[in-house]
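Pasting the structures in now, so scroll down.
Both complexes below contain subunit A, partnered by subunit B and then by subunit C.
Then we have the complex of A and B:
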């Protein structure tokens, strides 16, 4: 158990490609941190730098009180669960879990105690003498976790550990992982490209794009107040509606495709003529036309989900697509025009060129 | 799932394999049969008469201390060549696997010796080691080793072992490199996180995972050393001095073509054939079985 301090961390490969630049994060003891982002955003590179599998080009990395930049992976007091599990195929489940402990030179009886304990926690007792090839995907995943747990490290690193499993098993293991984190109380750093996984697991999320950190915050911070258009797009399902347009002269409306349908209750924090992107989550729109933003939707089709109804259409008078999530069962015919509004907190404005948040 | 191609014509598949079958029959089955037949006869040196002697040729062989010694020499030679060739190629493959970027050129250079004919490989080493004009022999003299494989049997054996192994290193290298590259990198990384140093990682993870490759190469190298090194020995030591490098294949030639004892030579060939069959069986039973298509 330890804190982790990342100071202006960067990675440039010998060929000149910069995978990660200027990452800063202070991770508290026992925190569950999820690194999330699209593929190629550098999240795995950061994890591998923390593990010591990739060299650090710039910046500092501290685990606890120690600067670990130049330490070997084995000396950093971390354990890692790999995406493909990386179980030693020629060793039994017990052999896989013992390997690291034997290398540490732990006495035999202690090794046995730790393995018995981990096997009980992960329900692996009856599989201890099997080879990895004889196990199912979920069981292999648990062995990989067991190998990490027995080491009793300060920091656990997970590299997309659930991505090779089917959806049902993934949901189940997600819950087990969360429970495991609570029981161990250790610092977890978890990489995934799945925003649902990130939202459900994390204490705090570090969301990355093109080698840079877009935002660090709790799942609700990211959901309610995305710092950039990228974050707004990435977090939430169905995805946030984004309407691009030009701020009107009175700064109380948005000119979209020549239509002046979108009106705001007050002046918006952007100069007249500025190009902006307006974001509103489908679940934050309501059929009440008195909110901070008001406009009309031409219905194209309706998705009935039972608990919710998702209405897909276009902003009136334009070809900009928009979706609204209404609770309960609602009937709307194609071609119908709905009056829509949203609360002031639920309206997000981003600069069109930089993508940064304006309000 | 196996994919099968089905021919419409019944004749075509037979026609397609006919050339291979013709070659096999003419150059393998027919001589093998002749060897088997001759091994039951004693024939005079000029081929005018021969006498059916049942297994006399075989009894004779196993009563001959020279032949039994040749068996022992063959085993020592074979395992030494296999061990040396595999050890060197494994070291080279591990080194090449680390620097995979410049490896193409490196690999090409390492493959070259495989293209050298066995007799030439032997001659290269023969000249290097020649007691009167060889550069290596000269160096050895410099460090106080009196090298003369014309009189020293052990040195002669060492010479042919080195020459034979050198030629086989390239082949082994290719297989070891392919084997190493098929080991997922994450396994080695996991071991590094599990506090294993480079040597421990190699012996506890990499080497065990190479076992199928190692076993395959062991069989191939033994077959090579036992049966394919005739030209090399013929060009360098000619089995000498005092039969010190006279391995079984060389003895077949010596008995038959120099000694003109065709019956005994044929019997020796049949024994060698039995060994090849045995080793092929081992290879198919334990190596090929693991291959999935």
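Then we have the complex of A and C:
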């Protein structure tokens, strides 16, 4: 168990491609950190740099009090769980779990105790003498976790560990992982491209885009106050509505496709004539015309989900698509015009060119 | 294609049986001939069934050797062949698995250059490079030694290439997991790579053992000392035994004896061999 400090970490490959640049993060002892982002954003590279499988080009990496930039993976006191499990196919489950401990030179009785304990935690007791090929995907992933647990490392690293499993198992193992984290109280760093996984597991999320950190914060920080348009887009399902337009002269409206339908209750923090993107989550729109932003929606079609109703349509007088999530069963016909509004906290304004948050 | 017509079934079986007869007839003849006395094979008709001299022929071959072939006992020659085949086999496997390990898992200058150098030697079988190799062996004073008999045949591009291809199919994550588990290069090789290569090693063992056992030209060149003769050479020397009539019953007996070790290796290791060729265990 230990803190992890990442200082202006960067990775440039010999060919000149920069995979990661200037990443800073201070991770507290026992925190569950999820690195999330689209494929190719550098999240796995960061994880592999922490593991020591990838060299660090610039910056510093500290685990506990120790600078580990130049240490071998085996010397960093970390354990890693891979997406494709990476179990040794010729060894039994027990063999897989004890291999690292044997290499450390731990006494036999201690190895046995640790394996028994991990097997009990992960419900693998009856499989200890089987080979990985005789196990199901979920069991294999649990063995991979067991291999990490027995080493009792300072930091656990997970590289998309649930991606190869089917949806049901994924949900189940996600819950097990969360429970495991609470039981062990160790520092977890977890890479995924799935925002639901990130939201449900993380204490804090590091969201990455094109090799840079977009935002670091708790899941609710990211959901309620996304720092950039990218974060706003990435977190939340269905995705956030984003309407691009020009701020009107009085700074109380948004000119979209020549329509002045969108009105704000107060002046918005952008200069007149500025190009901005307005974001509102579908679940934050309501059918009352008071609120920070008010406008009309022409209904195209309605999705009934039982608990919710998602109404799809266009901002009145424009061709900009928009979705509204209303609770319960609601009937709306195509062509109907709805008056919509949202709260001041739920209105996000982003600069159109930089994508940075304005309000 | 599943067709069930009696004529076709009959035809296919007939063709197969004829093929098997063609293949087996020489072996049969060798077996039969080795059980007859000296005269029986020089006159027609050649006997097609076993004679009564089996015991005499084989005990003479194994114990005393033949005056016509320099009097070297067959047992001695078999032993030489066995040594040669085993040293070549183990040497080839050890060297090629180590060089494949180096080429696949280590980044060193001119790595690909070395790989291509090894690969190019595939185009140079023993027969092509026999004169320079002979020259080197002479200058190193290795004529008439086991070392001279085996070492020049040990380097093997084929086996190196085979192991390289197999190593490339092992997922990188396995190497990384091993690194995290504190396995250094030697541990990784011993604990992970060797056990995973088991079936490949078995398949190579069979192929290389037979290759080594059947070497003919090289031992012929490199040995003049009778105590180093191999059995394959021995057969040839018996056939060319000067003016005298070839002693076919002894020659065939030697041939039968020479066949036994490769057959044993194939039969005993067949299961692993097939496994190694068709599947790469993941």
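Everything that follows uses one rule, which is that the second predicted complex is superposed on the first by the 359 of 359 C-alpha atoms of A that agree within 3 Å, B and C clash if a C-alpha of one lies under 4 Å from a C-alpha of the other, contacts with A are read in each partner's own complex, and residues count from 1 in each chain.
To be clear about the criterion, a residue touches a chain if its C-beta (ideal position, glycine included) is under 8 Å from a C-beta of that chain, and two chains touch if they have at least 3 such contacts.
Computed from a predicted structure; not experimentally measured.
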Exercise. So if we stack both complexes on subunit A, do subunit B and subunit C clash, or do they fit?
Worked result: clash
For this session: Give one of first, second, both or neither to describe whether A:24 is in contact with subunit B, with subunit C, with both, or with none.
Result: neither
Exercise. Touching A:304, do we find subunit B (first), subunit C (second), both, or neither?
Worked result: neither
Exercise. If you stack the two complexes on chain A, which partner ends up touching A:334: first (subunit B), second (subunit C), both, or neither?
Worked result: neither
For this session: Please work out whether A:89 is in contact with subunit B alone, subunit C alone, both, or neither, and reply first, second, both or neither.
Result: both
For this session: Determine, under the contact definition given at the top, whether A:80 touches first (subunit B), second (subunit C), both, or neither.
Result: both
Exercise. First (subunit B), second (subunit C), both or neither: which does A:110 touch?
Worked result: neither
Seminar exercise, completed: Overlap of subunit B and subunit C contacts on subunit A, residues 51-53, 72-75, 78-80, 82-84, 86, 88-90, 99-100, 103-104, 147, 151
For this session: Under the touch definition given earlier, write down the residues of subunit A that touch subunit B in their complex.
Result: 51-53, 72-75, 78-80, 82-84, 86, 88-90, 99-100, 103-104, 147, 151
For this session: Can you check the complex and tell me which residues of subunit B touch subunit A?
Result: 184, 186-187, 189-197, 200, 204-205, 208-209, 211
Exercise. Of all residues in subunit A, which touch subunit C in the complex?
Worked result: 51-53, 72-75, 78-80, 82-84, 86-90, 99-100, 103-104, 147, 151
Seminar exercise, completed: The answer for subunit C against subunit A in the complex is residues 171, 173-174, 176-183, 187, 191-192, 195-196, 198, 281-282
